[in-house]
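Heads up, the next two complexes both have chain A, just with different partners, chain B and then chain C.
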Partner chain A sequence: MKTNKLAIIFVLSILLAGCWDNTDLTDINIVTALGIDKDEDGKIIVTVQVVEPAAVPLTSSSNGGGAGQTKPVSVKSYKGETIYDALISMKSIVDKRLFLSTVQVLVLGERFCKDGINDALDYLHRNNQAEYLADVLVARGTSPEQILNIQADMDVISALYIKGTVENTAVRAKVERKMLIELFKEIKNKCRQITIGQITKLDGKTVKTEGTAVFRDGKLVGWLDQYQTRGYLFVADKVGNPVISFSAPESKISIEIIQSTGKKSVIFKNGEPARLSVQIRLEGNIGEYIGKEMLSKPEDIHKIEKMLSEEVKKEINMALNKAQKDYSSDIFGFGEYVHKYYPKYWKKAMDEWNDVFSRLPADIRVEAKIRHTGLIKSPMKKDE
Partner chain B sequence: MGDEAVFSRIKKQLGLGKQPNNSITTETDGPLSPNIDKVKERLNITFSECSDYVQREIVCGEDNDIKILVSYIEGLVDKKLLNQDVIRPILNYFSDTDRSGRAKSVYQLIKECIISNNEIHEIVNMSQAVYRIVSGDAVLFLNGSKIALTVGVKAPPGRQVDEPDTEVSIRGSREGFVENLSTNMVLIRKRIKNPNLKFEMIQLGTQTNTDICICYIKGIANDEIVNEVRRRVIKISSDAILDTGYIEQYITDNKLTLFPLVGNSEKCDKLVSKLLEGRVAILCDGTPYVLTVPYLFIESLQTADDYYDNAFFASFMRLLRLFALFISTMLPALYVALVSFHHAVIPFKLIITLAASRQGVPFSPFVEAILMIMAFELLREAGVRMPRTIGQALSIVGAIVLGEASVAAGIASNLMVIIVAITAICSFITPPLSRTIMYIRFILLIIANFFGFLGISLTVVVTLLHLCRLRSFGVPYMTPFSPLTASDLKDSFIMVPIWAMLTRPKALFEGETEDKAGIKRQEANRISEN
Partner chain C sequence: MGKTRISGIQLFLLITGFLLGSRLIISPASESKTDGWLSILIAGAGGILLVTMYASIALLNPSRTLVEILRDRFGKIIGTIVAISYIWYFTHLAGLVFRDFGSFLVTTTYPRTPMEVIIAIFALTIIYAVNSGIEVMGRISEILVPIVPVLSLIIGASIVTTHDFTAFLPVLENGIKPVIKASLNLLAFPFGEAVVFLMIFPHLNKMKSLIKITTFSTLSVIGLFLYIFFRNIIILESHFLDQATFVPHLTSVLFPGLNLEPLFGVIMIIAGGIKIISAIYAAVMGLSQLIGAKDYRTFTTCIVAFSVILSIWVHENIFEVFNWAGNTWFYYSIPFQFIIPLILLFLSLIKKADPKPQDL
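And then the complex of A and B:
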């Protein structure tokens, strides 16, 4: 009897919990990029980029004659009340089920972002299919539909081309790489405002991923350019290996940052926040030096270190100014510091923190070190 | 108490070997008659219509008073040896009339002075005589004597010692067992020059009277296991034992499992090393395959070469075999589960490749997998049964034409062909398990198609549970992993060098034989009842 019961439990646990969704790979549309925008009437426009596997030249079975006839990717848009509605209604113009787990890039439209993304992305969070590792970008001056419609010549799947550019620029700190899962975390995080990388369309073949979209309370309020983005990322401690170039009298220098740690804090006086404090430590290598001065003595190097820290300071200042004066949005996460060390004050001031943040003056300290000068020390010159 | 009973039964059975009490001899049973004509008459009745039966009567002595009947089966005895050792000495001796009047009786003369063969036995029973004749000895009946003599002049036809086809090794001995039992015993004995190497003979099969030999090293093999082997082998009642495969099916612990619980080998060096580890071997006349028990799961991953080679290489090969085992059972099922259910876990670039290769294939991945695997199994079976010369053509047709054409025709995807090919290659790497794997592969494939990864993982768990429950002659099948026997891990997935293997496998000495476990269980029941 006992074994019978066990057997029943066992069989039921398989039958009831088994995977029910048996779909062949040939019965799904592999979506590589997803675009979400709003039209003037407040309707959601969803754009999908679907790949046609047999037409992708990287697979061996496609090198027959068929490659020229079908396009490797096709882009379709559809309007709906919600994202889900639009995706489901889109079935009337696509042939197979849309499979979202392969989404590489999620492009949000400017108007969609201005209306607030906090609630609007619910579907992607609720659905078990959405790919959490997709790169999120905001399209500036163009619509997601146009971005996804580019005929990239670098890669047949333009989503992969966009993803590649994001990877490149994120390492050099010109754009912040934000995956969908990180965005979800930030939406829930009250101590820090959302930032998303920016994408612009250059021509029918090319896009550029540089700069940052700044949000306040989930709504798009403005943009940072590539230098401000770098300053922001220094403070947020998310820089990779950016190259910082500046010119001194009679010379031009490019320095590759190999390591950087950024610390931020808020200095309190009498129970009220008084100043913002930013401390950056960075190490760099001289990547290029065009000038006449010799770099053989430690003093010469120190001079460059000083110039480098001034330059970084300048960028951070620009970013802080923009965030405080123009957008009044704590994208750096000073609020996290306050939440952690002054919880009582935080509870009280949580709602107007962005305004408090905007008023506070900032101390910025940058310590820069040069580690290597490359294969040569001094610039090339003729022996005398 | 159990042991003594077992021993007495064994003795009885061993005795039976010399006086077979079975159907062939029922009408000839009884003591030998001193009258040679009567003997002749009875033998002629017993061997009527046996055209290979030969008997010769020698009449000699002063007054032709000495009559001897020599009986044997043609072909089983070496005629030259028989003439040289028996017939000629007798004729020579008695043709010289002076010597015939000695103190000794004719019977003793013949036994002690005349026959030059060393292997002489006395028999007093008619049925014994018949048994010796059919086993290949020559039997001498003397007029006036109640005792007959058997002379060992066996020379049954057989194969030369050869390299076994089924177990090929790169290093190590190339000698394999043959069909002749005594040759096999010699092959073992010549590697273990030690009187502790024991060969216990038993006759099995009421019609065939096949010689079975239980072989072990006293002092190394666990006595309980040896007793258990004896007990199970004696219990076999069958008309015929034609191969050790018959015995294997009778003595296995669990008759309803897919996993092999009895090992077999054709290689002498492998068998000897198993004996030295404390295992018991069962040889059978007429087959080159020798059984070894207990047989553990890990043995299917071991090869003789491992021990002759550097332990680093051997360990790597062991891990490779384990990997192959995993691949050959799971790969088609994993592929079907991935392609049917779990698209989300496939990396992006791979999913495009997969989807492209599936494009235009009319079948579901499951049907496709079943078709391709069935095609492969058919090819394999055909390859085994076909004459060697045609095999080549078959492999060309099978591998190139079927594989290539099915892809070109759009019936199967490239990737499925690759997967089936890899699976097939891997299934040949662990030969003892290859048929077991085939079964599990099909089961997993079906489950994967309906229940995805969940079903696969549950099936794997159930299989592991089953493996852990299995026992081979009382020794848990999964030792040294379950139960964990730390000292035996030295010769498992990772192998330590031979000079560091200081102890014999502990598992073979700690295991319970079926008897003991049964008694324990009975005791436990009794206690719980009270």
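And then the complex of A and C:
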């Protein structure tokens, strides 16, 4: 009898524990994208994109017109003193609790970033609902609200469309994919500056994710274009399989990079940093070759390898120049190397490292290897 | 005594689970940042010495529990007083683990559930387990504790993909001081807490292998701590370690496309549960021997209830929890973990105890 009573208590207690924090799916608004911006008075504007699951067509083939009148996503904005304040105050215009664990994309506004993001993102880190794996982007030339308001025709939920473009572009190494958790790591990390991918609006249906927003001390200072971004990603060792195209006399070549490793270090002389050193190793295949020259001997390949490494070197140089001369911001993380291997010097120079970094000359070494040429050897042309 | 027995492997797993305990939520040696591995090694070396000392005390006083040893060695009056303070210490220890556990679950998973409810429900299970006896506790640990390292390894292996394996550099950036401080903390929490097992050692069926068992479980705990440290620092980087309230939990939510958080909760409940069970059992057993009661089960409910209330009262907020675990606990533990056992060992070495006639 005694054990029976105990058993009942246990079963009850387990069930009760499960229910206390329980929220039904019908009681929440599923937030797929979050936008954060500031207005002129310094108030935070939070934009949410909410999905109405019932309105999402089940198959892609069912034409949108027949699926009822309700829109699958709706976008709302609200102002507040802080992010949390704005999100909570927003409850006066939305009908259910906002559920943040499903956020796929976080879009930051330009003005918000220029005022500094170091302290401002605290809420997203503190809240146990925040999705650490959401992709972070900075909206350039537009507001997060406008980005989230696009009516994408590729996907009914535009947040998923944006996330898809980020994934695509990150593989091509034209945008850096930065997840929220990585952003938090960089905010804490004194040895490198923050970079976030860039998003622009093309028209009412399309966005473009390409380029990089560069920060210094947590404040947005400028942008890298797509080629500089690729150069930066080569050094940061974060490239996937980009295709690098360049033209030689009488030919145009596109190389698909299969593998790339980037190493960076700082060379010290007499206890002071003297040079930056970058070493890149590439392996690629010929993806396209338009030209007259035959490809048959190993020497022909070596020629292309040389051109490829020159091209990569050029892009890295552009990125380095921009970061050193224009922004004076160590986005590559050379500071990490100094911190690890020269901790004594780092302690002294920690605060002016960005200036030291901007003065240092750089050695860039690129070793490119081309392994395969695809299904054909020589270019397509009539036999002579 | 002498009737209920646990096997060597059960004791091994019980000690391992106990030592892992709530250190799994409060990251081991995160105060010393990149030098945490050094702290773990230093504390581990000290831990082996301490645990071996406790085991030797048990060997020199065969089939006697801590309370009996204290009364034998210190005389009836002083022995009783010291024994009472040990019972308090064990109850307090259980209360602190209850609190760690409650704070963790309230912060990460159940923000709207009162912590008292979570702790109370957990306490019901603890009462049941302790009342079932030491053999059941041994079997619980045999089934559950192996899950802890396996899950930890799975979590780690699935998150570490392309990361910086030199993240633990530079060595000794801030000098040796923070390293020593962190290792002393780690020594007192959890290694020194194994003094609890002086109440449980007499249950072992083969006393000969006692030192081997304790050393081996301490070693495996050190190994797991090192693994967890390197996992955390590789994934989160040193700048991030002291930011998070519950570091290992943060690591577990980073797995892309899959929510590993519940797995982490499972680890936590197992290790914390084993720790509380051992501490409560020691306190209850000690109390019943002190009073001379026939059955220790009479006291379980009241001791557990007391430590639950203590756990809610003792700290006002989460920073007090961490401050206590990080700073005060070490000094508070010195007499219980170092001084009294050292005196006991000394006294036991001088005069070997007469083996109890009815035993073995």
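By definition in this document, the second predicted complex is superposed on the first by the 356 of 384 C-alpha atoms of A that agree within 3 Å, B and C clash if a C-alpha of one lies under 4 Å from a C-alpha of the other, contacts with A are read in each partner's own complex, and residues count from 1 in each chain.
In this text, contacts are C-beta pairs under 8 Å (C-beta built on N, C-alpha and C of every residue); 3 or more make two chains touch, one makes a residue touch a chain.
If you're wondering where the values come from, they're calculated on a predicted model, not measured in any experiment.
Visitor: Answer with first, second, both or neither: which of chain B and chain C does A:24 touch in the superposed model?
Guide: After superposing on A, A:24 lies in contact with chain B but is clear of chain C.
Visitor: Is A:181 touching anything from chain B or chain C once the two structures are fitted on A? First, second, both or neither.
Guide: In the superposition, A:181 contacts chain C only.
Visitor: Applying the document's definition of touch, where does A:4 land relative to chain B and chain C: first, second, both, or neither?
Guide: A:4 sits against neither chain B nor chain C.
Visitor: Counting only touches as set out at the top, which of chain B and chain C does A:270 meet: first, second, both, neither?
Guide: Neither partner.
Visitor: Who does A:99 touch here: chain B (first), chain C (second), both, or neither?
Guide: first
Visitor: In this superposed model, does chain C or chain B come into contact with more residues of chain A?
Guide: B
Visitor: With the two structures laid over each other on chain A, which partner does A:54 touch: chain B (first), chain C (second), both, or neither?
Guide: The first partner, chain B, only.
Visitor: Using the touch definition from the top, say if A:339 reaches chain B (first), chain C (second), both or neither.
Guide: It touches chain C, and chain B stays clear.
Visitor: Starting from the residues of chain A touching chain B, keep only those that also touch chain C in the other complex, and list them.
Guide: 10, 13-14, 17, 21
Visitor: Across the complex, what residues on chain A touch chain C?
Guide: Residues in contact with chain C: 6, 9-10, 13-14, 16-17, 20-21, 128, 132-133, 181, 184-185, 188-191, 339-341, 343, 347.
Visitor: List the residues on chain B that touch chain A in their complex, please.
Guide: So the residues of chain B in touch with chain A come to 337, 339-344, 348-349, 351-361, 364-365, 414, 449-455, 458.
Visitor: Residues of chain A touching chain B in their complex?
Guide: 10, 13-14, 17-19, 21-26, 28, 30, 32, 51, 53-54, 56, 58-62, 99, 101-102, 104, 129, 131
Visitor: Along chain C, where are the residues that touch chain A in the complex?
Guide: Per the stated touch rule, the residues are 107-113, 117-118, 121, 124-125, 128, 166, 169-170, 173, 236-237, 239-240, 243, 253-254, 256-257.
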